[in-house]
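Note that chain A is present in both complexes that follow, paired respectively with chain B and with chain C.
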Partner chain A sequence: MHSFGYRANALLTFAITILAVMCAIASISDNFNTPSPTSQVQVLNINWFRNKADGDDEVSMTMNISADLQSLFTWNTKQVFVFLAAEYETPQNSLNQVSLWDGIIPAKEHARFYIHTTNKYRFVDQGSNLRERDFNMTLHWHVMPKTGKMFADKIVMTGFRLPRSYR
Partner chain B sequence: MGWIGEQIDSVKSMQFRQLLTQAISLGMIVTSALIIWKGLMCITGSESPVVVVLSGSMEPGFKRGDILFLHMSKDPIRAGEIVVFNVDGREIPIVHRVIKVHEREDSGEVDVLTKGDNNFGDDRLLYAEGQMWLQRHHIMGRAVGFLPYVGWVTIIMTEQPIIKYILIGALGLLVITSKE
Partner chain C sequence: MDVYMALFPCDSTLEDLTKRLHSLAAGFHELMQMKLVLYRIDANKMDWQGQKVAEQLMQIMLVVFAIAAFITGYVLGSFQLMLYVYAGGVVLTTLITIPNWPFFNRHPLKWLDPSEAEKHPKPQVVMGSVSKKKPAKK
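Entry: the complex of A and B
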């Protein structure tokens, strides 16, 4: 009963149980955080807008994206993955979400940012439904913890519209 | 030398009933592990409720050796979700993030494009020949939670199978020679 083997086994089991409980508590503590993020997007310029050879529309734009996501960080946060998606509806598709830009925020200090960029990923439709299309710019974020449950949420910014004709 | 002699004596002195009891206890442990695994599969609705991250394509969020808890619900797949999918012809599941979603109005079916956070380009290179989108049936689950480092045990056992054999051998030896 007091051999090395039994003691090592008991110690190891206890250590692992305590570790698991600590991870669970760390994750639960994230629920007490009430975030209040803000963001703003401006489309500065439509660089070009065309119909590709395979029949799909494509648009390229330059945007200003600014956001304050500092309230999302807790002590259990490893990083926040943030991306901006253009969301719109077409006669063929009830929902289209196209990610235009994404970034990783590793720490609270970097969570308030302002960037000026063209779309990192191509804004391509399935078909040619983009002319004069209304769309929302939705800033999504994904809080990735050091251990435990991940949280995701978004801010929807409406009021954007694509030009009537190709350029 | 004396220790080995003792072990051989203890093996010889065991009665048949004791051996049977030990075999049944071992069987109980294995089957309860199986029950927990299958139960998890039912609760999370996913074929593999826990996966190990094998590549560095989602760093710095998920590193090699982390484990992810998956959940699959009937909710539609939306951009930003981290999904685990199987490509036809590849047996290893891939864990990446959804960056484009096109959902059909009439059928509700969805075309999805994924990309690893740490990769430069999207996953079209990883999909099967000629495949441009993933559909719902390719996706095994969404990642909802994660634990760091715990998956290294699985990685080591898969890449150096000798360690797996050593562990099972040692466990078997322990069961046979314990006096309970």
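Entry: the complex of A and C
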């Protein structure tokens, strides 16, 4: 502590170490948050359903997606990435997940939403297994923190079925 | 030897050369004395007690501000506020503990005055016999 430079160095190092500890504790405090999100998806219309030239099935649908994800936000949340995936089983694959729509929620005020949309990304199968297929609509989210650990979870909504024949 | 021949004129006697070497050595000695004086001036800015106080004050202030900042940010739900309070605390700590304030120099060391040093010269070491004794002791 005998010179200006020595003291400045010691202070800066200690201050930054303490800042790292503060950020770690902030991340740990996220574990005390028990979120209670809700969501609902309605498939309004199957726009078209076809077998493509390369042999894969494809379907386009219009849906209403509504969700309330406000309880996911804490003081240490930067944004929530949310996406809707259609999940189903085929003889080829035990689990297929196809992302139909996604979005970024930057703040708590925008976390309660209602969207009327066609699928943002194409719903294409590996093969032609979609006729009369039962599938789940699963809403996944990733809570991205300002510092620390990212949490991911989902809500599974069952009871959806694709038509028997192509349209 | 060539270096010395370059430094000093060729027509000097050995006596002249040794005199010049001695004056050079005396010059270095003066330089060292100057450095010692400068260090003493610098040391007077913050004494040992003050340095200890400065270090402790710095650590305590930073930890206190960190705790205060975290609680403020957590209760008010604002990560940014926590960072602002902490940054303010770091700046305040810098202003208090880094410059050489007078209250860090309340117990200055009393250095010996140069005139006193001349009255009590350092004891002369006898070169030949002492250097021969040391290896034997080891």
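Here is the rule we use: the second predicted complex is superposed on the first by the 166 of 167 C-alpha atoms of A that agree within 3 Å, B and C clash if a C-alpha of one lies under 4 Å from a C-alpha of the other, contacts with A are read in each partner's own complex, and residues count from 1 in each chain.
By our rule, contacts are C-beta pairs under 8 Å (C-beta built on N, C-alpha and C of every residue); 3 or more make two chains touch, one makes a residue touch a chain.
Note that the coordinates shown come from a computational prediction; the quantities given were computed from them, not determined experimentally.
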item: Partner chain(s) touched by A:Met22 [first = chain B, second = chain C, both, neither]; value: second
item: Which of chain B and chain C A:Lys146 touches, first, second, both or neither; value: both
item: Contacts of A:Ile46 with chain B and chain C, given as first, second, both or neither; value: neither
item: Chain B versus chain C as contact partner of A:Ala107, first or second or both or neither; value: neither
item: Touching partner for A:Val156 - first (chain B), second (chain C), both, neither; value: neither
item: Contacts of A:Ile115 with chain B and chain C, given as first, second, both or neither; value: neither
item: Touched partner set for A:Ser99, first chain B, second chain C, both or neither; value: first
item: Overlap of chain C and chain B interfaces on chain A (superposed complexes); value: 146
item: Chain A to chain B touching residues, read off their complex; value: 23, 27, 78-79, 81, 83, 85, 91-99, 102, 104, 106, 121, 126, 140, 142, 144-150, 152, 154
item: Complex contacts: residues of chain B adjacent to chain A; value: 60-62, 76, 78-82, 97, 99-105, 108, 111, 117, 122, 143-148
item: Contact footprint of chain C on chain A as seen in their complex; value: 1-4, 7-8, 10-11, 14-15, 18-19, 21-22, 25-26, 29, 74-76, 146
item: For the chain C and chain A complex, residues of the former touching the latter; value: 42-43, 46, 51-52, 54-55, 58-59, 62-63, 66, 69-70, 73-74, 77-79, 82, 86, 90, 93-94, 97-100
